[in-house]
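Both complexes shown next keep chain A, but they swap its partner, so chain B is in the first and chain C is in the second.
Entry: the complex of A and B
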């Protein structure tokens, strides 16, 4: 189901994000391009797997809860746990609800 | 040092443009699927986090190899280490494609920068400058290193001594 994208990720922005990390120094010219492609594949995977959960729940709209459950299901998405932790589970108090908008 | 604590100050304002991301997410999903607004924002955050993850790991790979610039190979290695090994093939294909596309550009322009002189020309120029200025200039060296490497250095030195002598004579300080 991997279609060719019409829209691309902005390479300059990717480089900017990479260099926001203080430890990161120089980056070869081609690197943002590779990261861009990897990101495309990653996002596609994330969307696909989250959508499966959306379908399974019989919903028409993909919600952040579906995304959270996706992250919790697959080990490869472990690095996203903190990001989704602010999403409240159904019927329970949300864990670690810091205000992240001031980052 | 906390490992990968990217939540704090290093995250700045750098994020991915929302409009572009919305379009891309739409393209990735079946046409009639809707995505809640907060889910979209969350997906964008996940993307940024992914970039941070790859950057961080690539940087580690790079350091381990004692290099200073993160290279494509480091990124590929990082993908493998992080469990995204199945992406490597396509990512590498994209890289190869990019190389092909930029090869002509590089070959065309960069190496024909005609501003350099040949070594002979440079030495001749030096000699001219030297002959002109040696007797008037109290300091010897326009470029001591270059003088030392010149083939006719001995001859030149003798010439300089003569000049110097003449100068001293003129100043009335003949030893």
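Entry: the complex of A and C
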């Protein structure tokens, strides 16, 4: 059995990200905890569906291109379109080599 | 100048979740992890914005747990909303119990039982973290093999 890894996100960081939005006022104590849980579920979903694409393409390594295709496939991920639009459509990511280039 | 990494969720946490959901043999490119990190951060902003709007409309200043649940539903994350609602109830129950415990032990004992308070905090995270709301059926995914 795989050991359960501690996958909670730091509450302070979550709060910081939330309050980066000027319209957001105070945040109840429970909120970062709930958001952390929702994040887990969201990432599991996104990861699962992206990996489906990775396998379907016969690739060994999950690349950001697979992630981009995943976002384009499912409506619920529409809000991520802008983020993945930066990912180039062509790339040698399927070769399995780690991209070490800095942004 | 704001450090770029400060506005994102820690990539280590993102990586850990990915490792947990994927099979041990799976490899993830560094790029993909970074993009996931951005997506995760965006998810927070997206949900927060929706929850915050609701608060403004209802003339409330504080975003609470119910607002988050509502926002998840409104944005199409019904499955998560269901799990989070249950999580929220457990949290409130736990907080109620803790408040009752503190009342029973008496406030003057605070200096004598610092360890207990710490362990309560520890318990809080230990009790809540393992609550597994597996809304994703992992088994089904593995059936999808490339033909």
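Everything below uses one rule, namely that the second predicted complex is superposed on the first by the 85 of 103 C-alpha atoms of A that agree within 3 Å, B and C clash if a C-alpha of one lies under 4 Å from a C-alpha of the other, contacts with A are read in each partner's own complex, and residues count from 1 in each chain.
Here is the rule we use: contacts are C-beta pairs under 8 Å (C-beta built on N, C-alpha and C of every residue); 3 or more make two chains touch, one makes a residue touch a chain.
If you're wondering where the values come from, they're calculated on a predicted model, not measured in any experiment.
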Touching partner for A:63 - first (chain B), second (chain C), both, neither: both
Partner chain in contact with A:39 - chain B first, chain C second, else both or neither: both
Contacts of A:47 with chain B and chain C, given as first, second, both or neither: both
Contact residues of chain A, present in both the chain B and the chain C interface: 5-7, 9-10, 13-14, 16-18, 20-21, 23-28, 30-31, 33-35, 37-44, 46-48, 51, 54, 60-64, 66-67, 75-76, 79-80, 83-84, 87, 100
Chain A partner contacts - residues on chain B that touch it in the complex: 4, 6-8, 10-12, 14-17, 20, 23-25, 27-30, 33-36, 38-39, 42-43, 45-56, 58-59, 68-72, 75-76, 79, 82-84, 87, 90-91, 94-95, 98-99
Chain A residues within the chain B interface of the complex: 3, 5-7, 9-10, 13-14, 16-18, 20-28, 30-31, 33-35, 37-44, 46-48, 51, 54, 60-64, 66-67, 75-76, 79-80, 82-84, 87, 100, 103
In the complex with chain C, residue positions of chain A that touch it: 2, 4-10, 13-14, 16-18, 20-21, 23-28, 30-31, 33-35, 37-48, 50-52, 54-58, 60-64, 66-68, 71, 75-76, 79-80, 83-84, 87, 93, 96, 98-100
Complex interface listing, chain C residues touching chain A: 6-10, 13-14, 16-22, 24, 26-32, 34-36, 38-49, 52-53, 55-56, 61-65, 68-69, 72, 75-77, 79-80, 83-84, 87-88, 91-92, 125, 128-130, 133, 135-136, 138, 141, 144-146
